[in-house]
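Heads up, there are several structures right after this.
Two complexes come next, and they have one chain in common, chain A, joined by chain B in the first and chain C in the second.
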Partner chain A sequence: MSSFLKIALRNLLKGPSTDPYPFGETFVPKGLRGKIKYNAKACIACGMCEHVCAGGAIQIKETADKSGLEFIVWHNTCAFCGLCEHYCPTKAIRLTEDFHTAHSQEDKYRYVERGFIKYVTCARCATPMVPIAPELMTLAYGQVNKDIEKLRHLCPKCRQKQSLR
Partner chain B sequence: MSTFTIPVGPLHVALEEPMYFKVEVEGETVVSLDITAGHVHRGMELLAMNRNFYQNITLTERLCSLCSNSHPCTYCMALEKIAGIQVPERGEYLRVIADEIKRMGSNLFNAGILAHIIGFESLFMHAMEIREIVQDIKETIYGNRMNLAANCIGGVRYDLTTEKVKYITKQLECLKKSLDELYDIYTKNKFVRARTEGVGVLPKEAAIHYGVVGPVARGSGIDYDVRKKSPYAAYDRLKFDVPVEEGCDVRARVMVRLREIFEAIKIVEQCLKDLPHGPTCIDYLPEIPAGEAVAKSEAPRGELIYYLRTNGTDTPERLKWRVPTYMNWEALHVMMPGNKVSDIPLIINSIDPCISCTER
Partner chain C sequence: MKKLLQKIVGKSPWLYRINAGSCNGCDVELATTACIPRFDVERLGCKYCGSPKHADIVLITGPLTVRVKDKVLRVYDEIPDPKVTVAIGICPISAGVFRDSYAIAGPIDSFIPVDVNVPGCPPRPQAIIDGILEAIKIWETRM
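Now for the complex of A and B:
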């Protein structure tokens, strides 16, 4: 028993071991899986994040006016598992260290992360297409030279024709 | 002496999860026991069949919070068996590290709850405070205190930098010191001994008969550990002992759990020392052919078995798992009779039941 008294006394002198949050600082390590941040510029709309999302929190769909794609993450449905970040080829989706998820009931349906990818037109045939992110170019070609850079502005069909020529 | 039937549960202050026990008592002594399960059924096997392979990694992880690394790990192993995927060596070592860190947290939790049940609240708080060291490791390395999200098909999703390795080593040193003290209290403290010695006895023959697994089996003198008998991940390359106790009672089981933490620390330190270089995960999206596979692993509570059947599409045709608690709770029929009413929660806790895994 004496051995535990020693520990109890030591703990008493040490003071509380809990963080005084929300009145003080708390332990937030780097790499904590918190709220999702989305970068529409790097997104290539491959839909992998939507495919792997266990909760079905991610949606990518065309807007009503057909001017582009809308990306939504429902933070209330998100399980913060990070599979979307792992499988995203261009790292357009990222989990931040922000763990503050308390919000009022009226914001329930507004508690989302949104993004908009505006279609660009093909430089040759003018069909609307998802812009090709520079991140994808470096992933595919490594060093991007001027000739390859030109391919970025072509739709898949024209790109094929250009490459075969 | 008059006979009574006491209902314990489904919701009871001494139970962490819903479970219904109809206990027949004579005076103050338990005579027999009736277990009724099925209060937290969530239909997860059907859910798994409606989700694709990637989504199921997260789904199986959310089966239960304490075994939340063993489930996706075993599920991924079954998938890898079907698709013939070779996990990179570094990935295998990292899987072991995640597994063992979860084991430390889980076993400390159970030992703490034991102190809580016998009314030694300050020891309970102290055990939980020690567990906080492990929780900090999880939060820093994996980004979450419970669901590590370490596994993915063909490897792991996290990597250890030199700083992180240093951090784990530092935390483990800290844990070792506190753990020595805690182990000392659990072995020597007369109050802990008085409440746990000779309580909930499961003789070795009965343990074999009921096919119990994990610390319950090892507390009854059965030397059975999946990590030794059919090694997975990197366990065949690591040196560790399997703690076995002959006491057959509540005390023996908690001793096994505490000694397992020391072994887990040893395993993690070995892994960190000979962590091979290279990728942590396969770098392509695998195609899963039609087929079936069984994978098993040693969860903190015992042997966990996954059966998976695929049909060439990206959703499983059947996913079934058998969790350790399923074997262990039947043995309560042997452990309970002859004990006092006040020992019921203690004995239930000693098998470390994970109801949410079992009822899925």
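Now for the complex of A and C:
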């Protein structure tokens, strides 16, 4: 009985434990897996995220005018599993701590995260190619010197020729 | 904003929950909003009820499995109009990770008119509260 009174008294002094949300601020635990954010500048279009996506939420497709790749994440089928972030070599895709996902039915198919990767042309043969993100360069070479930097602007074929020379 | 919220809180829609074959993850989050003082959905004037005949706002979880489809539709029809439907979790919205399975009849909006979507697997209690708030706004226009 006395222990119960102790708890009752302590709770009385502590005040309400109810989270004030939506009337006030809420808390966000560190590392909460929320809505996807995509950074087209760091993406190398390797397709790994699309391959591992548990919910089939990711689509990478060439645009109709063949000027680049369109990247779409449909939030309405993303399971917040985090596989895409885990396997993305350049961390171009990541989960944010944004949990505000409620939206009306009209927006069901508009509720997406979009990105566009514009093709660049190879400095030697002018073939269109996916630009090589600086994140990938540091990942592959660590230190990037001038010679390596030159390779960055070549398409895979010319790059091969250049490195074998 | 405060005035608007007070107006909303002044009215008291009753919530009803349908489990259309969910994994129970979303249902646990719904129970969290109702039973745990930390999230206390009753602050919004809502109350969970046990009978579809008393319901104003219906919260649906789960991808609508073939097995429960007819029962879900029957229960849904028993809810009097006007009603507002909220899809909780990615399952009812798009069938999520179960999409294209032979056991799934959903997504839910091919059988039931949905008003608000709250994706997540499962969504946070705060996100569910967001969805319920949006549903209350729609409900006020329908009364």
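Here is the rule we use: the second predicted complex is superposed on the first by the 156 of 165 C-alpha atoms of A that agree within 3 Å, B and C clash if a C-alpha of one lies under 4 Å from a C-alpha of the other, contacts with A are read in each partner's own complex, and residues count from 1 in each chain.
FYI, a residue touches a chain if its C-beta (ideal position, glycine included) is under 8 Å from a C-beta of that chain, and two chains touch if they have at least 3 such contacts.
Fair warning: this is a prediction, and the values are worked out from it, not measured in the lab.
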Please indicate which partner A:Lys41 is in contact with in the superposed arrangement: first for chain B, second for chain C, both, or neither. neither
If we overlay the two complexes on their shared chain A, which of chain B and chain C does A:Ser17 touch? Say first, second, both or neither. both
Considering only touches as defined above, state whether A:Ala79 meets chain B (first), chain C (second), both or neither. both
Chain B versus chain C as contact partner of A:Gly31, first or second or both or neither: first
Which holds for A:Leu95: it touches chain B only (first), chain C only (second), both, or neither? first
Does chain B (first) or chain C (second) touch A:Ala54, or do both, or does neither? both
By the touch definition at the top of the document, which applies to A:Arg114: first (chain B), second (chain C), both, or neither? neither
Under the contact rule defined above, give the chain A residues that sit at the interface with chain B and also at the interface with chain C. 17, 32, 54-55, 79-81
Which residues, counting only chain B, touch chain A once they are in their complex? 51-52, 54-59, 61-62, 122-123, 126, 129, 132, 136, 139-144, 147, 149, 152, 157, 181, 184-185, 188-191
List the residues on chain C that touch chain A in their complex, please. 5, 37-40, 43-44, 90, 93-97, 99, 109, 113-121, 123-124, 126-131, 133-134, 138
In their shared complex, at which residues does chain A touch chain C? 16-19, 21-23, 26, 32, 54-56, 74-81, 99-105, 107-108, 111
Of all residues in chain A, which touch chain B in the complex? 1, 3-4, 7-8, 11, 17, 27, 29-33, 51-55, 79-83, 86-87, 95
